[in-house]
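In the two complexes that follow, chain A is the common piece, with chain B as its partner first and chain C second.
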Partner chain A sequence: MAKSDLALMAHLLRRAGFGATRDEIEEYAEKGYEDVVEDLVNPERCPPLDEDIISRYYDGENHVIWTSTWMYRMIVTRRPLVEKMALFWHHVFATGAGKVEHGPSMINQIQMFRKHGFGDFRTLLVELSRDPAMIFWLDNNENRLGEPNENYGRELLELFSMGAGNYSEDDIKNASRAFTGWTFTQPIPLYPQGHHPSEFVFKPQEHDYGPKTFLGESGNFDGEDIIDIIVRQEATARFIARHLYNFYVADEPQVPAWPIEPPQDQEAIDAIVQTYFDTGGDMRAIMRMILLSDFFKEARFKKVKSPTELVTGVLKLGGSITAPQPGIGRYQAATGLMGQQLLNPPTVEGWHTGREWIDGGTLNERINFAVEHIGDAEKPGVQEIIRRLGGNGDGGSARLSPEDFTERCLTLAGPLDVGEQTRQTLLDYARSGGTLDLSAPEERGKSVPRVVHMLQMIVSSKEYQFA
Partner chain B sequence: MTINGKDPVLVVVQLTGGNDFMNTIIPYNNPVYYDSRPTVVIPQDQVLPIDDDLAFNPNAAPLKEMYDAGKVAVVQGIGYANSSRSHFRAMDIWHTCEPVKVGTEGWLGRTIREIDPQKENVLTAVNIGRGLPRALSAPGVPVTSVGDLDNVGLMTSIEERERRDKALDMFKKMYAPAIGSGAVMEYLAQTGSDVYTGADVLKQAPAMYESDVEYADNSIAKSLKDVARTHMAGLGTRIFYTSHGGYDHHANELKSHPQLMRELSGAISDFFDDLRAHDAAEEVTMLVFTEFGRRMRDNGSGTDHGSGGGAFLIGERVNGGLYSEYPSLDPARWLNGEDLDWTYDFRGIYSTVLDQWLGLDPVPIVDGQFEQLKPFARG
Partner chain C sequence: MGRPYGLLRAGYPYLKTLGMRRITNFPLDIAIGDEGRLYILCRNDGAALIRVWSIDDAERLTDDLVGIGSYGSGEGQYTWPVNIIRDADENLYVSDEALHRIVSFSREGEYIGSWGEAGEAEGQLNGPAGIAFDADENMLVVDSLNHRVQKFSREGEFIGGWGSFGDGPGEFDMPWGVTVDELGYVYVVDWRNDRVQKFDSDGEFVFEIGSSGDGPGELNRPAGVAVDRFGDIYVADTGNNRVQLFNEHGRYVQRFIGDSTLSRVARDYMLTNAYPNRLRDMADLEGEKRLRAPKNVRVDDDLMFVPDYRSYRVQVYKNEAIPLDEHQISEPLRAPTLATV
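What follows is the complex of A and B.
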């Protein structure tokens, strides 16, 4: 297997998934890049998660359980792009449990992203506008005939489709009027029935049936008519294209800067926009196009990992989570400390990404988490790396020079590209201990801690912070 | 602006979850209080009266003692228009001073930038806790976060001393500034170096500390002890931040709230005793805040999210007493028909501290002019 194939496959699985074990990378690489992309965008080709096991172990209704369940799915799924796409839409259509305070509705929203996140954008926007958690989050339940509440109408245009500067205040008012009466059923009380999600309901008596003008078109529009107009706009295609680029390809500035700062790769955005219009906003086709593009393949390590990506990536590297287990709640707590509490974005604008994930506190958390998790030589993923280092083909050998020891570890933990500073530091460490000898039990006893230390330093590096 | 030749220090304590202000400073002679709180109520004969209207929660006796000694300013009815009932949003508003739009810079982040524009000391601001509260966050402003001062900094899971020293040494080399590696990589290197330097200096603090004060065994006591140890080590820290969690009393409030009141007031009292014993109290003022108060009426077990909270300013240089106005309990004046209203904008207390304690221009930091209080003694 060519090293470049493995590096590219690892890149694909970091971006379209949540990282991969060495075995997975090899298995996928064997299959070939284009076939793997096809599997990723056609998730029904791969086995689903065992929902019975998940609901047996992760039943309950607090925030820790919802987010732990989601992280568990991210780590063990064979359909990683489904979860990654759900995370993408969660970033864009940021809805916060802090206000919604209704777990089942929040969970249903993410489930809706799993179901419709791969479909056409129009359907997704309609489902979003009917989503109870979103309706409550942006007050559309208070959007009524004669007393419109513009919160949802405004964010639908500014943050969920077109971006600021592409519509007028009157367009917001008219869009808001079109969504009057789109509300939800009052959820059944928690006690004694248990949690049940709320459901969308349209209240004709609260709906404004009057004529409206929106983006130059006039008619007795309702919400679906407004969405029909939105999805035809070039601004919409450009805005969503930039979001996709920022999430899957390379870090862009924060959303509020988009009207001012042009994209770093205009051609890539143009290509995504073209696919959007060629396919009627089919997200599956758009994702296929992105993942097969040269601009995607060339964007290795051009994104700072989100806390979710960092934690799931480390957990996959450690290889210990293959089935539900107690204590998994601490992993979602870890992403929170790193600045990303899932299902609870700070605002409707979502999380600020890229370098803004990093400050003194969050970097400290990222490093300490990775070092602690990888510091256990008994973890299956660490064991596997030691096994591969020690021989069995695969370029390994029972006795490794310091140079090979360093390079093999960087390859097995990534493959990770590192700068001169990092490489030299790792190499100096490797040299200080001489040849790494895994040939006999006694030598292994001394060598294993060196491998663990090497891996801990690799996951502490600057370069490891990038996806 | 100095106090006995020392730079003034601000310690911010965040009560996370929305403290029940009405059960902290209790309107103990007002029948509306008892009508509204059939269950989650402090009996009249147990309270610690301040005057004929208001009293401290009986579990906050150490704080009441400090109040009687003139060291505690109670800022009543603190809040802002259209108070958010979302923990996250409300906390964000307090952190960014931006109640309408979405702010990204923390007010203390801006404050640190004013105090230390050249970033000469990575310990100008120290957060005792994990992660970084948004209040302290501003682009390019280094802040050191300390989860546990006795095991401070990076790679704390490596127990073996020699191996950890080795790891830290490697970390330092890997994060040394590398010009030309790209803006984000350079920023990462700088941030990593700051984390390393901050921890490296801070780890000396415990050895320099000796005290007869015995703090209790709970999280806020431990955090304030870490603040005290860092402050007394003389590392130039001007802003400390820490949090005390658990105030979201939707249920079983009568069990949990008294416990928190005991922990908080005991910790604050021990903290100032400790500083006083080391001649390190005069230059310290503490601001205690929470993101919102609770609903007027209890729900049979606890109280739901409301508004109209309260804050405390505590310190040797504080002129103790009641400040601003307790929100009206008259049901006709309840906010949204169910909450204590607010009477004083929270940005006013920030302005007061920035201007009168830290000697900074508050206007650009809190984004506007807000009515200040006069809680500091002249001297």
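What follows is the complex of A and C.
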């Protein structure tokens, strides 16, 4: 199989999923890029997650178990784009457990993203507006006839659909009036016997049925009418297109800069916008178009991995999690130290992405996590790389020159493109030990630690920080 | 004492609730001690505990809560405990499906020892789940990920076993709970096959209860099983959030979906917590009564204990069945009838 095919497949699986083992990359590449994209955007073609197993081993309720279980899903799912879309919408419609302490509602919101994240954008916005976690997060439960609370109406326009500069203050006021009475049932409190769910409820006595003017249109609008108007706007298509580009293709500036900084690839944004209007905002069709596009295929390593992507990618590389195991909470703790606590974004604007993931502290955390994890030669993924290097399959040889040793490790750990400086550093290390010999047990004893160290150097490289 | 000829099922009312959040977090199982002592096994990923409690519950929440063992992988610790049982001396035994071992404690909480070796060979364990003593105080261990039942001495010497992966008689798919009745029959919860299988003491298949579904007598990923002194069979029907009762022949009798009230300790706690009281006043409380993912059921004389996993409590019911002799209940009928008496 051509190395370029594998590299492209690895790119697709990093972006539309959370990385892949070498076996998975080869299995997918065998199938062909277009077919794999169809599987990704039609997840029902692949087996679902085993929910029984998850509930048997990861039952319970607290933030740690919920976020850990989500990470477990990301790692073992055969429908990776479902979880990646849920993460995407979690970035865009950022809702935080710091305020929404009601875990079941937070989890239900993510489940709603799984269910509707591939549907049409209008349905998604309606479901979002009916979501108890979102309603509480942005105070729509306080939005009543005669006492409007404009928080949700404002963010719906500014951060969830059109972007700043495309509407007026009056539009915000009228949108907010349209969502009066959209609230949720009071759940039974956590103490003394545990969380109970909350559900959306419309209270007609709290709704403003009066006439409203929104984006130049007038009528006795309710929330769904407002969303109908929003999804017809070109600004909405452009805003969501840029979010998709930023999340799936290449890092863009942070959202507040979008009104003043044009997209780095206007043609790509235009193409996404065109698909949005051609398909009625069908996210499945839009994702298919993006993943098949040249601008996506050419965007390898043009995104800094989010902490979630970094940790799940390392765990996939290590082949560490294929079934439930104790202590999975430490992985969600790791992403938290790197600046991304799932279900708890810092503000409604979500996480700042790209190079803002990296500072002195978080870079240390990222590298330490990867190095420590890959430093265990017993990890199945590391064992598999050693096996392949040792000549059992994949054309490896039991004796490798320093140059081959370096190249093959870069291929098996990625394939990863590295710059000259990094390559030279890796080569210097490989040369310091001479030929890598995995042929005899006494040689393996010396060579395996060299492989592990080489892999540690690779995952601590600058290039490994990019997806 | 032999089993009665028949039963007048006069009622099986809810009696009381024990525990609350902070005291009995995620109760998975319960062992019944003497003189009203209870040992409630609590587990969540990253936390586990045996809470020593009382049938009288507690008057108030204090800082002097007593627990046995702790979360971890060292001596006297457990990581993913599943079942807790007692022996005649009230020593406690806990299965640990993460560490593949059985750990034991005295009733005072002193660590006694542990045994178990990970693997799939005879006498090795992979994900031990349900445990139960037979009349000789040998321990039956549901070796879940090896899809079999194995018998050991109390000290862990391998005696025998049966079962393999599958869905036929005597086959299992990730079995979970187990119990032994006073006649020596063994009941194994075949979790992924949505059934309970009954075996004689040699592992010979007798019958099975249940099929997949949520109707009467159907099961959805059941986890626990118990048999009372009348031979009635109780199944913790986890996925359907209920306990189902079958008679000794496996015929469905009734279900328990939960009737909880606030425990004594919970009432005391709530009297000093104004905000949650207001929230409760605004909420629909119907759902609070119901069982949520019960993972086992235990019976002790006339009492049924249901660890109510997602509600941080144990619900207790009282059996008011009255034994009947041949003069008090007619012979079994071969078919249903519309005749009146």
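Of note:
Basically, the second predicted complex is superposed on the first by the 462 of 467 C-alpha atoms of A that agree within 3 Å, B and C clash if a C-alpha of one lies under 4 Å from a C-alpha of the other, contacts with A are read in each partner's own complex, and residues count from 1 in each chain.
Just so it is clear, a residue touches a chain if its C-beta (ideal position, glycine included) is under 8 Å from a C-beta of that chain, and two chains touch if they have at least 3 such contacts.
Keep in mind the model is a prediction, meaning the values are calculated, not measured.
Judged by the touch definition given at the top, the superposed model places A:Gly329 against chain C, while chain B stays out of reach. In the overlay built on the shared chain, the residue A:Gln186 is in contact with chain C alone; chain B does not reach it. Residue contacts after overlaying the shared chain place A:Glu155 against neither chain B nor chain C. Contacts of A:Asp131 after superposition on the shared chain: neither chain B nor chain C is touched.
When the two complexes are overlaid, the chain among chain B and chain C that reaches more residues of chain A is B.
In the overlay built on the shared chain, the residue A:Gly361 is in contact with chain B alone; chain C does not reach it. Shared contact residues on chain A (touching chain B in one structure, chain C in the other): none found. Remark: chain B residues 85-89, 92, 102, 104, 122, 127, 130-132, 134, 137, 142-145, 153-158, 163, 166-167, 170-171, 173-176, 178, 181, 183-185, 187-189, 191-192, 194-195, 198 touch chain A in the complex. Interface of chain A with chain C (complex): residues 52, 55-62, 64-65, 68, 185-194, 196, 325-329. For chain A in complex with chain B, the touching residues are 96, 98-99, 251, 304, 336-339, 344, 346-349, 352, 354-355, 358-365, 367-368, 371-372, 375, 419, 421-422, 424-426, 429, 449, 453, 456-457, 460-462, 465. Listing the residues of chain C that touch chain A in their complex gives 20-21, 26, 43-46, 79-80, 98, 174, 191-192, 221, 239, 260, 262-263, 266, 269-270, 273, 275-276, 279-280, 282-285, 287-288, 292-293, 309-313.
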